[in-house]
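I've put the structures underneath this note.
Here chain A shows up in two complexes: once beside chain B, once beside chain C.
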Partner chain A sequence: MSAQRFFTPWRFILPGAVLGLIILGYPIYRAIYYSMHSIRLHRLGNEVFVGIDNFTRMLSDPLFIRSIRVTVVFTLGCTILAVLFGLTIATIMSSRGIRGTRQARFFMAFFLVPFVTTQIVTAILGRLYIWQSQYGLVNFILGLFGVERVGWLINMQTALFATTVTNAWRMTPLALLIFYAALATISDELIESAEVDGASTWTTLFRIKFPMIKFHIGFVSLVILTSAFREFDVVYGLTGGGPGRSTEVMSVLVYRLGVAQANMGIANAISVIMFVIVAVMTIIAVKAGKLGAMRE
Partner chain B sequence: MRRVSVRVGIALLTLFVFAVPFVIAGGAPEADPDEVTLRIGEHPGPHIQAMEEYFIPRYEEETGINIEMEVLPPDQVWQRFMLDAPEGDWDIGYHSPGWFGYFYEHVADLTPHMERHGFDPYEAYSQAVIDSHMTNEMLRPGEIIAIARNPQTPFYIYRTDWFEHPDEREAFEAEYGRELAPPETWEELYDIAEFFTRPAGETVAGETLEENLYGYSASVSEPGGMARAFLAIVYSMGLDGFDDEFQTDLDDPILLEGVEYWTRLIQDTFPPDATTWDFLEHLDFFAQGRLASAELWPEGVLSAESGEAEGNIGYATFPQWPGNRADLPIGRSFIGGGGVLVFDTPNQEHAYDFLHWMLVENAAEHNRRTAMFALEETFEDPDVLAEYDFYDEFLPVFQEQMEYAFPRQPIAEWGEVMYTPVGQFAADVMYGVESPEAAQQRLVDNMIEVFRQEGYID
Partner chain C sequence: MSTPNYRLRKKVSLGARYAALVFWFLICIVPIATLVMASLKPTALFQTIPQIFSLQGFTLENYRLAIRAGNFMFYLRNSMIISLSALVVVLVVCTPMSYGITRLASVRQKNILVFSVLSTRFLPYVVLAMPMYLFFREIGISGTLAGVIMAHLAMQMPLIVWLMLGFFSGIPIEVEESAVIDGCTPFQTFWKIALPMVLPGLNAAAILALIISYNEFLFAFFLAGRHTQPLTVGITRFVGGVDVGAQYGVVAAYGSLIIVPIVIFALVVNRYIVSGMTQGAVKG
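Showing the complex of A and B:
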């Protein structure tokens, strides 16, 4: 290979690579650097090197272990619910007779509202109008069926559920958009021929439609998984991590330690751990996707 | 060489021509008031409406000075000042003692300005207010750094109509063996709160309750509300948090008694929604007749004195914690609220003049419009006392409670070692996140770590 042929692609990549290094690389470097120092928020520049002390301290701290547990439940819950909601709505909206109608277009626009709403607004809406124990929508609906008022956000047993559902509601439109677009690419002739062969609605769904969009499902799951894992605004706006740390996901713990208590060393150590987890999750998902594609 | 000498000569001549009139005039020419614009960064509160609708327009009309006020989100005030003060973007700012350390180098010493007005702050304000809100001996020794506007500390309020009702008095005496009266100890406060905590359908003072009634409340959302309320227990136990040598007393076993009591009080007598209330929201609940007693931060008195509770409120100092470490005869909390400071901009004279006019010369009008009290004389001013019937009872208790209030230590890290961690400690124990001992150890370790990092201790 000639030198020119070797260097030419690098010349094109260089501007983007430099920009990427500045925008992504530098903050990551600083996070790793601070994670190995004892450092206060208001005294950046006065750091003391502590090696991996911040990591070992966190990994033996029961509050950090607790926040990992909460994060896992929240992340998986959001992903499963958002994918299920998105898949269900997309299937209905893309079915023959509904797809392309004026009503379908109206509801598609309607379903996108959560996605274009700012996260903190979503949280405030959730706190004041959806989950509020006296005047909230959920308790109002349950009350119609004679169910006693539930303090969704003030009970440790229900707060994580309410927070998970709220974030899943916000992420559902992303799933809906992609699944709807994917389902629209499946030809009607294929479904009709399956029906002629005696396939029921469930069979066409589970044997034809869903397998044909499984990569889309995988992609959406990965995006929601990584997004929910890092979620801060919705959780903090809705519950502040409480009651009793029952919704204290890792990003909220980072905020509490780093900003409220100004301990930037520990906060950065947790951020680095989060970064590694998200990176590993992404690599596994991408590899799994490639293997699947090769088997096809 | 010759050319350089000529240039230097011209420069010196120019300097002389401009400097002589300047020196003769006695310093920098004072800006025409019509050209002065004062920029105020404020915290939300009942004073905003009074400033916008009355004080600022009147002062602008009287002096020709322009005043621009921006009300900043409460959680951004100190960050904005920290970032903007070096640029001279604000002339006047809200002062909370806990934030001062973040921008203390850019604040004007008010002593010369007060002297210009012949105003002696040491005669006008109580020593506790001076210590807490107007000086900072650690960061700006010997200076007056702010004017107090609404220094305050919480105390106890209760429903007099229920406390005086014969049925309630009889029932209480039968159950607890003593008269139903404002509590003298925190344990008595618990008894009273427990006594009045009743489900809907039962009666209070002969009336059937349509909704649940609760005995006592503060606003205890995590961690801010919880901290603000629980610190009343911490300080009532005679703990200071840390001393002049930065040695903590939060490792005292009495703190475990305090947090056990607090957990019991909240779980048995507070309305469940209190854990979502940040500051004064519980006073609305009190005004609706859903609470028998409550914590009152004085700036919330108009909220409490409304609705069903209006005219039926008794005021009392916080009860004593027997065995407290400071031999306090009554309970106490810290001095909260705030003041106003002047940044070291060229407008500082005008800025102080405005504050002096509003908060000293027009103090009675300011009290009338905001129900905020700072100057000693206003607590006994007949014009002020005439404003509301309840001031006769409210103001003496306010004043007495202030005598015992705890001025926070003047370090920038107070919030990071006391406020946030103490609130989190109380919440963690109450919700069973950690054992009281483990949570106490975490609290102490955090304080020691911060003091070490800041170089206060080795």
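Showing the complex of A and C:
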């Protein structure tokens, strides 16, 4: 019986496990392998083992350090904006008088639109119609209030801001949706009894509702942190890393070094560093929130 | 606190909340509307926002150019082949895998598998794309559809397994035990008992996978060849270069052609997307 119980689930798992090893395990192994070699694109097969040279060279490169700083600002900015706006709108959506109405369903359907919109189109749209300095939507609206035109994507000071906001626009629906689903499970009786005891709307929000969904806030933050951290499409399409590398997040740097400059060893070294960063973030989150346990 | 005053305050508060929702609705929709409206205007001129939203100068010329000169149908075909093939393989392989993982008796084995899924779920895509770019050349599938599809599989496998784990672990084990007592083989139990019970979840996973594949740019950009590029790479051919200005309208038309179908699809299957996205986070 125990042999039977052991054997049967594995017959279901095996094809997936093998495929996973081929398409996920092997590329990760190759990334580590390449990261310790010096390779040029036109001389494939002639890799020279250089140990940790690529890593030490990278870590002393101001371009790389700068890219880390850009990535941190971009990633944290997206996460903070998306969680903040997601939480605000979800709170309104789940408030009494709105939750469960036909209007709420209508709004929710459209609130998902930024998330399903093709990222590269979002980026191009942002570049040509939203942040464009002369004719763009943002400057048009600011102009109605008498604000001078800003060269959002041309200035090094504002390009990272515009890029971060664009990606946050795309990620907010995820936060909004999960927070809405979580807030909807909080029973009305609980809130009503708190109100009978004299709790104000704000008190019930910050003392009851938000603490009750803190697991979801943590998980959404992890998902948005990691997906903003790996974002390539939006940044590449919007600014290509410019102007003056002021928006060159690590994914874009990997592309520029690896494909455009054909320095694969260095590019893979950065990839491996990115992999380690995400792995550490995931492990911390698992330890903190017992995320792994929730699937048992 | 007098009653009429309280009621008035409630009405004001409801009005304010609706105002906030309308404001957010505009933030979500106006950028997309700008793109679609701009695609219907002559391409040669720069357009201000009022011009874009006016009804004057309506034309479908940009769409003609996007479809003819932009080779839209060719890229659409590639997009479809890539996302549908990846979807079929991912569902056929990952659904039984998730089922198997939730039915493992050994907690240690289960933990190892769940952790491998979780650790690849957040993997930066460049970590896969860079080495794939190199060793696809070595094994001679560089630039082929097969290579791009493999990359898409790698992108979707962790997500789909993760989603399906949640749906399968929601099935009470007693249902299956009684099926086994009635003489079902393990495969029959999976196929006839477990699978029908997670069908809504499977739909949600499939729809999310389809949308993600259709929208994907990075892997296609790194790995696809001239004849295998999907729509997301196709549109970038219009952008960049000095003559961007003259092609604004065509880019808008091309972009609209890409996103309007996916947005309408998402609005129609909204219910499944909601359940798929919530399942990704909420305890199953």
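We take it that the second predicted complex is superposed on the first by the 271 of 296 C-alpha atoms of A that agree within 3 Å, B and C clash if a C-alpha of one lies under 4 Å from a C-alpha of the other, contacts with A are read in each partner's own complex, and residues count from 1 in each chain.
The rule is short, and it goes like this: a residue touches a chain if its C-beta (ideal position, glycine included) is under 8 Å from a C-beta of that chain, and two chains touch if they have at least 3 such contacts.
Not measured: the values here are computed from a predicted model.
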(request) For A:P9, decide between first (touching chain B), second (touching chain C), both and neither. (result) second
(request) Go through the superposed model and pick first if A:R230 touches only chain B, second if only chain C, both, or neither. (result) second
(request) Mind working out whether A:Q119 is in touch with chain B, chain C, both or neither, as first, second, both or neither? (result) second
(request) Mind working out whether A:I28 is in touch with chain B, chain C, both or neither, as first, second, both or neither? (result) second
(message) So in the superposed three-chain picture, is A:R170 touching just chain B, just chain C, both, or none of them (first/second/both/neither)?
(response) neither
(request) Could you look at A:M274 and tell me whether it touches chain B, chain C, both or neither (first, second, both, neither)? (result) second
(request) Mind telling me which of the two, chain B or chain C, contacts the most residues of chain A? (result) C
(request) Using the superposition on chain A described above, determine whether A:H37 touches chain B (first), chain C (second), both, or neither. (result) neither
(request) Under the contact definition given at the top, report the residues of chain A touching chain B in one complex and chain C in the other. (result) 39, 134
(request) Give every residue of chain B touching chain A within the complex, in rising order. (result) 102, 221-223, 272-273, 275-276, 412-413, 416, 420-421, 424, 427-428, 430-434, 446, 449-450, 453-454
(request) Provide the residue numbers of chain A that touch chain B in the complex, in ascending order. (result) 38-40, 42-43, 48, 62-63, 66, 133-134, 151, 153-154, 156, 240-246, 256, 260-263
(request) Name, in rising order, each residue of chain C that touches chain A in their complex. (result) 10, 14, 17-18, 20-21, 24-25, 27-32, 34-35, 38, 46-49, 52, 89, 93-94, 96-97, 99-107, 110-111, 113-116, 118-128, 130-135, 137-138, 150-151, 153-154, 157-158, 161-162, 165-166, 169, 186, 190, 211, 214-215, 217-218, 221-222, 231-232, 235-236, 239, 244, 248, 251-252, 255, 258-259, 262-263, 266-267, 270, 273-274, 277-278, 280-284
(request) Using the touch rule from the top, collect the residues of chain A that touch chain C in their complex. (result) 2, 5-6, 8-13, 15-17, 19-20, 23-24, 27-28, 30-31, 33-34, 39, 44-45, 85, 88-89, 92-93, 95, 97-98, 103, 107-114, 116-122, 124-130, 134-135, 137, 140, 169, 173-174, 177-178, 181-182, 216, 219-220, 222-223, 226-227, 229-230, 232-233, 236-237, 250-251, 254-255, 258-259, 264, 267-268, 271-272, 274-275, 278-279, 281-282, 286, 291-292, 294-296
